[in-house]
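All chains are identified by letter, namely A, B and C, in their written order; residue positions are counted from 1 within each chain.
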């Protein structure tokens, strides 16, 4: 009786932990394989522990070139997409204009379209326009699919912002530009930063769209794809693990900062917020 | 602080009164503020009182420049400021939920206005302001680290430091609990007296308006119903709305035949009464005969009614003891329930439910108001709290 | 981290009163703000779709070197369907099975995080998103190691006779479906979590106070209230899963190829653009048909 009661209360959590295990398993394997000396080029099994891969991550220089290229592309695409998307988000939240639903559709559709379709259609465009494919066509493609995500992220932050803060600034003698610089921008900035990080990670990790538009340019995912046929150098797992650790650190840092600024700043009416949450 | 107020009056020299002239604001077809005209004397504490949604905030926002009037003027002294940008107006606002900048500390919040006007050395001024609102050591904190009452005072300091000609306060105490609200009412009044700036204080709490303001304007559906000193308005309301918004009233549907002398005779539910002519807002046709519940006394029988008092008979239908007083409902012969407050002073005994009583009043405390044709009695329900009891 | 921003239900119009109308000279401003981004999306998202449509109607006898002529060759569509219907069927079949698995795993996970995790909530959420911190391809390759014939998993399954003595996991449909489920599960869980998180625990208590059994509570309260998240999550899972070909390529064999593999080789290996474009267009049409059919049945148009 007691046990079945306990089981009824806790089985969901049990299933959840199993599923989390399923989700985490590959990362553990990647981390383990980064310390592996494979028995042969085509072997995926763990063979022997070594630190060599971490000591010489660039032993296969193609791979490091590809990583560098991915970083460059990601950086440019992120900057452009963040600027374009942020401007659009401001227009959507702060202004009334005709054609809003059309713009919303234009922003929504890229997020709902299979990458395969976006990649091939862009390829069709570039080929028929005679544009040679390479570094810049990849950048163009990445900006295209990142913009929508930036808009959505910044929009959420902007919509959640209290308009009265800007009115208060105007009331306190701040010109529109000063209001924007001193109040609006600092308050929206976390949203913009989040959007930029999202855009970078989308760009860095994209394979399908890149694959159709890269010409002979090799990004990191494309390098892995090619290497999967020829044999994967174990350093790929070093990069994979390092990416994971860096992203985890970033998340940890921002959540720490977030917690501090939540204690020290952001919600405008903390009392009201608390009241809404706790069922007293 | 004397230095401060001297400086204020110095700056405000060319200012003068704040006048709203035929101010109207429409949102689409909805009229939020309807042809509003009023004058707020310089240096006064003015309260705009009205139920939620009656247009108080909209009025304030037009004075602050955050909303463009559909028509009308906002005059400060002789200058029409209705079309000036908010940051060009010598007017500051304490916002409804304070709108403190969450990313700036208290010091920077308070210094914000001074810095925008290009004033370099703000330290002294800010520290003096923080002292005025008793937040001396809080400069380095963020708004979210303060309690509601403290945030409220920061909002006040942030606006006051600019020495505006008019300070607008939009329900500044609405988010505070009762005890703090009382305390801040006294504080605000003290500060206003000290700095001598015109305060326009918006509230839906009639008691707050009455205790703080020199002049109260009762607003209803975008219009001013009545404007005056609190005590005058309470004693002699101008409309049925005011009579029941500022405290409660027993309003009996009556007919007045017009009077020639000092008394206006009226007939209500078959009985004849009279009211001094000086207390009649209407003396002909359909009127309300009004008596405040605390001015309605209860007696066991007609021979106990003092000379000169007028009375109706009825039966006690409810008695509720609220400590400082007992509130009775008296059902009259025609079925209305009058409410009467009897102070628990220990002088009279308590009346049981079902007792036959005589409710009587001094006609000098009654008043006559215009009544729309067909309107029946309006008597205060038992659940409304009386003036003076903590709400 | 992709999926967080992916939730289409979460951001509609800004809350509160609508923005006040601006003065006349601001009338152009929104268009100026929108112009660069909208132009980019039009030029590199919308226009290419038309180009793709055109390419799907090219004369199939042309080639990249001799050039293609637009001959409105509608015959390309029946041709590619005839040639590649198994891959099409596989795409939807694998994605569908993976979706079912993902629902079975994702719902309890989202529910546990939203309602049962208490102060561990954020940590568990990070664990859900964490796989996306590292490269999609590298993660998928890790499954090659896990499912490998010499790996512990296959060994275990052989020991308990769930697999025959030379049964395999790798290079089978099972591996592809497992990979699809794994890769897109977070996209299902996050929106689902978002709507379950908003679910007021007191509603469940009220239901049980009103004599509902746990199963009835789930069917009558929890499930209907989590519907927006469920719909969004399902779409966010299904759309990329159907169009994916990385799992089929890395974890399967040509026998498991999905339509993406065919499109990839049509464009990049065989350079048969009309065929590739027709397949691509068919894929989009099929996905749109499934999505709209599903939305109609689910009765929530608001998701779009």
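By definition in this document, contacts are C-beta pairs under 8 Å (C-beta built on N, C-alpha and C of every residue); 3 or more make two chains touch, one makes a residue touch a chain.
Everything quoted here is computed from the prediction, not taken from an experiment.
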| item | value |
| --- | --- |
| Remotest chain, subunit C as reference, centres from CA atoms | B |
| Centre-most chain [mean C-alpha coordinates] | A |
| More contacts between chains, A-C or A-B | A-C |
| For subunit B paired with subunit C, centre-to-centre distance based on mean C-alpha positions, whole Å | 59 |
| Between subunit B and subunit A, distance of the C-alpha-averaged centres to the nearest whole Å | 54 |
| Euclidean distance of C-alpha centroids - subunit A vs subunit C, Å | 16 |
| Touching residues on subunit A, where the partner in the complex is subunit C | 8, 12-13, 15-16, 19-20, 22-27, 29-30, 33, 44-46, 83-85, 87-88, 90-97, 103, 106-118, 120-125, 127-128, 140-141, 143-144, 147-149, 151-153, 155-156, 158-160, 163, 195, 197-198, 201-202, 205, 207-208, 211-212, 220-221, 224-225, 228, 232, 236-237, 239-241, 243-244, 247-248, 251, 255, 279 |
| Residues of subunit C defined as touching subunit A within the complex | 1-2, 4-6, 8, 10-11, 13-16, 18-19, 21-22, 26-27, 29-31, 33-34, 36-38, 40-42, 44-49, 51-52, 54-55, 64, 105-106, 108-109, 111-113, 116-117, 122, 124, 126-146, 148, 150-151, 182, 185-186, 200-202, 214, 235, 239-240, 242-246, 249-250, 260, 263-264, 267-268, 273, 276-277, 280-281, 283-284, 287, 291, 304 |
| Residues on subunit A engaged by subunit B in the complex (per definition of touch) | 162, 164-165, 167-175, 178, 182-183, 186-187, 262-272 |
| Subunit A-touching residues of subunit B, taken from the complex the two chains share | 64-66, 85-87, 91-93, 95-103, 112-113, 116-117, 141-145, 148, 158-159, 162, 175 |
